[in-house]
Amino acid sequence: MVDITKKEPSLRTAVAHAIVRVGSQATIEAIRNGKVPKGDVFEMSRAAGLLGVKQTALLLPDCHPLPIEFTAIGYALKGLEIHIEVTVKTHYKTGVEVEAMHGASVVALNMYDMLKPIDKNVEICNIRLLTKTGGKSDIRRQA
Amino acid sequence: MVDITKKEPSLRTAVAHAIVRVGSQATIEAIRNGKVPKGDVFEMSRAAGLLGVKQTALLLPDCHPLPIEFTAIGYALKGLEIHIEVTVKTHYKTGVEVEAMHGASVVALNMYDMLKPIDKNVEICNIRLLTKTGGKSDIRRQA
Amino acid sequence: MVDITKKEPSLRTAVAHAIVRVGSQATIEAIRNGKVPKGDVFEMSRAAGLLGVKQTALLLPDCHPLPIEFTAIGYALKGLEIHIEVTVKTHYKTGVEVEAMHGASVVALNMYDMLKPIDKNVEICNIRLLTKTGGKSDIRRQA
Amino acid sequence: MVDITKKEPSLRTAVAHAIVRVGSQATIEAIRNGKVPKGDVFEMSRAAGLLGVKQTALLLPDCHPLPIEFTAIGYALKGLEIHIEVTVKTHYKTGVEVEAMHGASVVALNMYDMLKPIDKNVEICNIRLLTKTGGKSDIRRQA
Amino acid sequence: MVDITKKEPSLRTAVAHAIVRVGSQATIEAIRNGKVPKGDVFEMSRAAGLLGVKQTALLLPDCHPLPIEFTAIGYALKGLEIHIEVTVKTHYKTGVEVEAMHGASVVALNMYDMLKPIDKNVEICNIRLLTKTGGKSDIRRQA
Amino acid sequence: MVDITKKEPSLRTAVAHAIVRVGSQATIEAIRNGKVPKGDVFEMSRAAGLLGVKQTALLLPDCHPLPIEFTAIGYALKGLEIHIEVTVKTHYKTGVEVEAMHGASVVALNMYDMLKPIDKNVEICNIRLLTKTGGKSDIRRQA
């Protein structure tokens, strides 16, 4: 684990992005109309993602435990794709990009888990960092 | 959570696949030659993935807790991509595909976490199920 | 921990009940109309409760870890009260009443957590076992 | 999760209260005299409650993880009721009332778990916040 | 993780042993007379150990998750030593020796944690397996 | 849990030490040459230990949760003994010696778990604190 005892805390933000691709328009309609048997895909996955962000340091050995001050999870539907955006903020000595990416991954996995009874072709693609501010170097990419 | 009280247990297997794409050949060389400052990327990520598989039901609300009987994590290097393959087996009343996909996702995230100090362009792509046997319908796809 | 090595597994079911009392009709309306700022109170609390049921043995020292086969969480609104009903089933050597009660407690606490910004008078009352079948003695009480 | 990046930390305290009602005076005597087969009900439940307070943010999606600086768990016997009082303190940007209530709930559930072999009529009633200081508005209620 | 899909479950038992050595007779007297400020050392450590046994597979990557059917934790005082004995049983396809040893280790660590304010010379020595039955080969050693 | 609300945070360090004794020189050679079937004993155990350090407060009731800023895990082979040294640092109001000792214990247990298929005589001995700085009194002992 990297030694951060000499660093100063500052406001860190990170936005991660994940895409879940489903197999048919019928799946998108089921999600939109609340017809997925396992429940509301957006709200249940948001709950899982909020918890997932907080468990990052318990899953990844080198990750510093830190007091997450804000997490937001947003969705956009584009054709057969569900775009997931996870924003994490904290005042700490390390960045929160892995936390944001872990959150995006848990949201995507939970969608897979809820959708697999009705669609065998769900796939998770492209979990990546969009934005990172507050450390030595900022990162800004296009979604 | 789906009611499985009336189902019979059978041998279930699942193989999930994830790809981590790095930004340069120098990163691949650092991994291969054990020069990544945070440690051995393959072994550390394998440890994280083995633990991740077992924590799936604690992260995903609808997922049944089950006694994993086998997990294997394999790697292949292809150009700038690290291909991750996670195999999970158990005798139980539900499949283990979400466990395998969660394992693949944790391995990929841990690689991202270990590589980010030396490469700003690591990305996780294409977490998907390759094979599933033992339930009502088998699934077999190409890697 | 009670020694259950000589017992035979059988189908066990348990239904637990909890009541959350809110401070005003406005809170009930906010829940019903999806106007609670933190999100959908029923779906978010259901996600928390489903996870909580599975974590019971990690919180209570004497509780046996067991493979939960089914959990359902239902709600009813009665005046200023939200009635929560959690049903748990499994084939195992011990009952699942503590798992059902822990699920009911986590659902209730999550409602408290989501509602406290809009209502200072939320209270959890009456977490109790309604029904238990499958062990030496069945229990059936009125809700 | 509410954005607290702009708030200042201050000393926060919360006291939560729970009542466990048992079915007979014999149960109270068994607890008092250390005759409950599963062990010392007060000490075992205190251990469970201390751990439970620290796991609150891993169970409730919207709850901020925070560094608990103090937890105390007290008991009082009143007729057939065991009164549980959980005090939590920290310097942080959010209150600790949900942590205190979760602690009270875990203590109560653990008592239920330890007492159920000797008393079928144990019930948890009235988990509520007694006192809260340090945020925008203090709360003080009667036990 | 070793592949156990083809093995048959049988009754497995394991007994592990740990020794905590304290720095002075005054510490032993404080424990015996319930004068340790942090609480009852035996009961609190027993609670921690019971939970620790159940968390073994979440801490050790290669360890199979399994349904623990029995755990008992016993103590003996010998001079400046506290002898801890943890017995674990289950019907499963793998042994439970690591679970028993992890339980013994958590009990010992908790004693260290509770005693360090009153004794700077507490040390954990000799965590080892005493007995193991039910697998290919039994092990029996002297305490 | 000791009340630390009035203390000031300062840099705390702790170094703990554990010894794993194996049964034969062949085991040492297998470790050194990467021939242990379950994987690289040093890297896998390091991953387990890094995670273990961060889970200390979830296992020990009285332990304060704290933001670990640095963990390092080192090894030395001496005859049939593997010496494990775990260093933990943080800026906080309490020491990190229990975290360092828990890390050393998890590393040792993981070695036991990985080695038991090839050596029935592995034993954990002598988990103890070597150094502690930053609190009221420093501790320095010989390895």
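Should a chain be cited, it is by its letter among A, B, C, D, E and F, assigned in written order, with residues numbered from 1 in that chain.
To be clear about the criterion, a residue touches a chain if its C-beta (ideal position, glycine included) is under 8 Å from a C-beta of that chain, and two chains touch if they have at least 3 such contacts.
Everything numeric here is computed off the predicted structure, so don't read it as measured data.
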item: Intersection of contact partners for chain C and chain F; value: A, B, D, E
item: B-C or B-F, whichever has more C-beta pairs in contact; value: B-C
item: Chain centre separation (chain E, chain F; CA means) in Å; value: 17
item: Length of the line joining the C-alpha centres of chain D and chain F, rounded to whole Å; value: 32
item: Between chain E and chain A, distance of the C-alpha-averaged centres to the nearest whole Å; value: 38
item: Multi-partner residues of chain F (each touching 2 or more other chains); value: 2, 39, 44, 46-48, 51, 55, 59, 61-62, 67
item: Sites on chain D touched by chain C in the complex; value: 2, 38-39, 44, 47-48, 51-52, 55, 59-63, 97-98, 101-102, 105-106, 108-110, 112-114, 116-117, 120, 123-128, 137, 139
item: Chain B-touching residues of chain F, taken from the complex the two chains share; value: 39-40, 43-44, 46-48, 51
item: Complex contact set, residues of chain D against chain F; value: 11, 46-48, 50-51, 54-55, 67-72, 89-91
item: Residues of chain D touching chain A in the complex; value: 1-5, 57-59, 61-62, 64-67, 92-93
